[in-house]
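Both of the next two complexes hold subunit A, though its partner changes from subunit B to subunit C.
== the complex of A and B ==
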């Protein structure tokens, strides 16, 4: 019988109480000593062939008979009102099939009602004005140029501090401060904490707006068959897209099918449906033909989200021995024109160190800029940069080794809740990382290899994040009459290797070889709900359900096998995908029993159980950076990053290092080169292309030494796994900034660490 | 639900030159397509020939996802017009595996896990193929130079370099 359980669910550092339905009984966790044949072994991707041959179909690659294309006309002003749209000329162009805009499309609320699908007030340069549907993309582009829009240009504000001033232009009628108040957190007594401190330090840090720049831009293809709608969407959340489109179009959810088999990167920017998704669906309905809308690179960088810029002030009080007595952390985040939740950065401050007295304030401020979205560990990359920079400043002031300072403030239990951790491998990560980079030998190394103009520096930073995953997540495991198994879930593989890891778990639990296991996902029609692939939650949510379903399927297979083969149930087991009679050692292929059973199919069902109560589930890690700073040119070269992370049990050591390296490389970009530039006078983005927005190339990659502390978590779920998608990007920029400060002898408080900042910050000898 | 927009009768002329016939030799096969002169090789491959293994990441020569081989040399197919390709040999990712057998570079990409989302992978592989065709024993720096015009946002770079070196070793063993 299904059980309804109340449980705490964490997502992107926030906690929610939810009721979830758990079907069937969970299975006991695998022990730390458990021996495996598939889990924990390096496994190449089960869909590797599709990905290297061009056979993998991404949303961009969906082509349907009679398909039309859509292109969006975007507002050239940061704040304007549409007075008139004239589409006459555009409509007369041969091949144009429809033009959607505010005058001919119903008012569909968008972004929590802050705007409409086609709004007459436009709040950032790049916001959607109209959408041209035509036979070819080229015709869309021609027609788009023929649309005449008369704008009333309105005053705008770009700076979040100015936006908070009383006379600032309003982004929304409700005001420029998200929720009209800051998010405030307090514990202990901050005044007492600071007065009992021996030393107090303070600093203000600024981080830049970063753009995701997924290689596959956002987009959708929509197809109607009768009153049923199918959408192919480049998304991290097929069920989320379904729900948003259902609401926007007033359709029942079951009329909408969303498919996403392969996706060219998301990094948090594809957690929901886009306006383009709804426009494609509307246009397909209007024209009676399938419609494809794919953003171009510039649109992607104007309208598809960003990691929002922050201004953070941190004040830290400590005893002479380094023990923290108080932290005050105020953060102002420029969330752009729209936000569905706050863009706080103070999470790491609240949760990383044992500090009894604390106050944090997060202000999320609307401005006339492109809306923010989650970007791999939102808030935590920025907050960790500020916090870990200050910890190094404190270490310098107190003449304590930076690693030692962190160990002296090590939190043995969660400082925010007082709860014990299920597991915490941060100490192991610190020690192993220090060993790998030779932390103790760094001064000798610096002396040996630094020159007058090339200064070597070392720095480190810590990582905390959630990553527990949680219910609801469900799975089916089917055993086909040919003796192969199929895992069915509603999750999606966004490039992280989910499909492969789920196949490993199923193979292990079924006692099948992995070559006999297929995984189906990325389609709401499969009917098996799974959460979005974000927040480092996919494997820890879906994996345990797959294990339950596999164990269930294996039991059924043994029941059916024993009766069909006419042997006692207890004498039968499954090994390498075959029945093994323990007594006679006789082996029988699984498919042999089905030959007697006609087309019977075994189906095991599994659900993710609840998370442990009153326990904190976190992932941890430490990164160490070695840099060389050229004091003549200001150039920072990251020579080496050592990363040691703890995310519970490792399912696939091959793909997990890919995730670690990828996170670190994005972190290097955030530290050194990535920054959206906006012209202050016009409010226009100046570098919406990959020529001018500098993501790391192969030439920018340092030597990376990445390891996991393989520490199965006995309480989080039946696999002992936690998430790993976001952790590796969290401490990279902080570690690099600390290494640069070590090399220069003075600190840069702003990211990225550009040449001019290095040259103007350095202390003259 | 929105109703269909009533469009005015087409009256204006389509802009630019009209469609013209173009012969393309792609993966050793001859194709004849009818496209506007402004159609890029990338769009011709993807839309007219259905070869969607070549990806569009930027459409302006900045990301390398659309890399194909033009007479054996890597080019950005988004910066190449289809009509420029008559009389030239175009090679795309679809041609690498022969008789169901992966090319050693493809095999190495799988074994080294030199990809995550896989969107830039076809371009990376073709840039490496062009390198190995002229330089069978590349250094890591040679590989980096060869793929420095191929962006990978997932950050598979270290393993891409390893995969190229593994493929080079495999190919020289085979030859």
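== the complex of A and C ==
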């Protein structure tokens, strides 16, 4: 019977209470000593061949008969009101099928009602004004140029500190401060904490706006068949897209099917439906033809989200032996024109170290810039950079080794809640990382390899993040009459290798070879709900449900097998996808049983159970960076990153290494070269292309030594796994910044560490 | 991209005739023009394809010159044994440009004639002075990648890596066309745009570079090309330095030094060249030359870093040639 459970769910550093339905009984966790044949083995991707041969269909690849294309006209001003829009000329162009805009589309609330799908007030340069639907993309572009829009240009504000001034232009009527107040957290007594300190240090850090630049840009294809709508969407959340479109169009959810089989990256920017999704659906309805809207790189970098810039002030008090007595952390984040949740950066400060007295303040400020979105560990990358830079400054001041300082402030229990951790492998990560980079030998290495123009430096930083996953998440496991198995879930593989890991879990629990296991996901029509793939939660949410479903399917299979073979149930087991009679050692293929059973199909069902109560589930890690700074050119070269992380049990060492490497490479870009540049006078983004927005190239990738502390978590779920999607990007920039400070002997407080900053000059906006 | 007509020109004469049509553009590798067309910065009605013209893709030598055909790709140049052996400065410049894919497509002449990368010029929503507007937005804007030398209403820098190296080698270009015909010093085809002509070239729209002539250097000649970039590859030069020196024993007989990324055209630093002549390359001299190289530089709000960067690259280049 289904049980309704109230449980606390963590998502991207925030906690929510939820009611969830749990079906069936959970199974006991695999023990730390459990021996496996598939789980924990390096398994190449089960869909690797499709990916490398081009057979895999991404949203961009969807081509339907009679399909039309859509292109969006965007506002060239950071703040403006549409006085008039004239589409007559554009409509006359042969091949133009429809033009959607504020005058002909109903008011559909968007971003929690802060704006509309087509709003007459535009709050950033790049905001959607109209959408042209035509036979070809080029015709859309030609028509777009013919649309005449008369704008009333309004005053704007781009700088978050200026936006907080009383006379600043208002982004929204309710004011420029999100929720009209900062998010404040306090524990202990901050004043006492600072007065009992032997030393106090303070610093202000600035981090830049970073753009996701997913390989596959955002986009949708919409197709109506009668009153049923199918949407192909490049998304991290097929059910979320369904729900948003249902609400926007006033449709029952069951009339909408959302499909996403393959995706070229999301990194948090694809957590929900886009305006383009709803526009494609509306246009397909209006024209009676399928419609495809794909953002180009320029639009992607204006309107598809970003990691918002922050200004962070940190003050730390400590005893002479390094023990922290107080931390004050104030953070101002430029969330751009819209926000539906606060963009704080103080999470790591609250939770990483055993500091008794603390106050944090997070201000999320609206400005006339492209709105932010989640970006791989939102807030934690920026906050960890500030906190861990400050910890190094403290170490320097106290003449304590940076690693030793961190060990002296090691939190044995969650400093925010006082709860014990289910597992915490941070100490192991510190020690193993120090060993791999030869932390003790670093001064000798620097002396040996530094020259008067090339300075070597070493730095390290710590990582804390959630990643428990949690309910609701459901799975079915079917055993086909031919002896193969199919895992069915409503999750999506956003490129992380979810499909492969779920196949491994199912194969292990079924006692099947992985070649006999297929995974179906990425389609709401499959009907089995799973949450969005974000917050490092996919495997830790869906994986346990798959295991329950597989165990149940295997039990059913044994029941059916024992009766059909007429042997006692306890004499029978499954091995390598076959029945094995333990007494006689006789083997029977599963297929042979089913041949006697017409078309019977076994279906096992599984649900993710709740997380443990009054326990903190966190992932941890430590990264160590070795850099070379060319003091004549200002160029920083990251020579090596050692990364040791703890995220519970490792299901697939191959895909987990890919995750670590990917996160680190993205972290290198954030540390050194990536920043969105905006013209202060026009509010226009200047570097919305891959030529000017500098992501790391293959030549910028350092030597990466990545390891996991394989520490199965006995309490978080029946697999002992926690998430690993976000952790590897969290400490990279901080470790690099600390290494650069070590090399230069002085600290640059702002990211990215570009060569103009190393050579010292005025800051870019 | 806006619709256009595309014609394969069979020979240079036909190409030149076709290019006299208004709104016609020549295309070879297309690595620059196509990106501008995609952003509708340029919307030619006719593209005259030069790639089908025979005998414009070569690297060969005669008594006085190494001759490089206009359609030679940057990859060809980078990999050619003759260039690698005798003009390492040119092989270095070619190998540091763009990416392998772009170098496989981009041609030498196209590289010399490419348009500026200024992010205001390249922005679809900005009508800057160079595009016929009234204002240079970079002057008061984000001018981090812009000029520290030269006086022009447009402060974008010339982006080519090959041009400084070829000018350091005293290269000439053979031009055919209605407005310019014959051999010109490469240095002479570049100009700073002004109110009279918002162009960086003295060449007209139908003038084509047919080949590049690189004079043979004495055995004692050594050259080096250094380029500062924001990342390891696939970036235009923040600053580049091309130096070619003919030595007489340990002493400089004759030096040419050209900077890239610092001015609206490849920037030859004659004062610095003069300081070198007759001297042996010492640390002290390198320091003096570096100072001379940035004499008269006028930094803007965000590009002051180019001054120490230029000085340091000049010093490093001279150290390499001394060593």
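We adopt the following convention: the second predicted complex is superposed on the first by the 760 of 765 C-alpha atoms of A that agree within 3 Å, B and C clash if a C-alpha of one lies under 4 Å from a C-alpha of the other, contacts with A are read in each partner's own complex, and residues count from 1 in each chain.
The rule is short, and it goes like this: a residue touches a chain if its C-beta (ideal position, glycine included) is under 8 Å from a C-beta of that chain, and two chains touch if they have at least 3 such contacts.
Predicted, not measured: the structure shown is a model, and the values here were computed from it.
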| item | value |
| --- | --- |
| Partner chain in contact with A:755 - subunit B first, subunit C second, else both or neither | second |
| Partner chain(s) touched by A:661 [first = subunit B, second = subunit C, both, neither] | first |
| Contacts of A:232 with subunit B and subunit C, given as first, second, both or neither | neither |
| Which of subunit B and subunit C A:156 touches, first, second, both or neither | neither |
| Which superposed partner A:92 touches (first subunit B, second subunit C, both, neither) | first |
| Most subunit A residues touched (candidates subunit B, subunit C) | B |
| Which superposed partner A:681 touches (first subunit B, second subunit C, both, neither) | second |
| Partner chain in contact with A:124 - subunit B first, subunit C second, else both or neither | neither |
| Partner chain in contact with A:696 - subunit B first, subunit C second, else both or neither | both |
| Contacts of A:264 with subunit B and subunit C, given as first, second, both or neither | first |
| Residues on subunit A lying within both footprints (that of subunit B and that of subunit C) | 138, 142, 689, 691, 696-697, 699 |
| List of subunit B residues in touch with subunit A within their complex | 1-5, 7-12, 14-15, 36, 38-39, 43, 46-47, 50-60, 62-63, 65, 92-94, 96-97, 102, 106, 109-111, 113, 115-122, 125, 144, 147-148, 150-161 |
| Parts of subunit C lying in touch with subunit A, wherever the complex brings them together | 1-3, 39-40, 99, 117, 119-120, 122-126, 137, 140-142, 144, 228-235, 238, 301-305, 308-309, 312-313, 315-316 |
| Contact set on subunit A toward subunit B in their complex | 44-45, 48-58, 60-61, 63, 88-89, 91-100, 104-106, 137-139, 142, 212-217, 249-250, 262-265, 267, 282, 285-288, 296-297, 494-497, 654-655, 657-659, 661-666, 689-691, 695-699, 701, 704 |
| Residues of subunit A that touch subunit C when the two form their complex | 76, 125, 138, 141-142, 145, 298, 632-635, 637, 672-673, 677-682, 684, 686-687, 689, 691-692, 694, 696-697, 699-700, 754-756, 759-762, 764-765 |
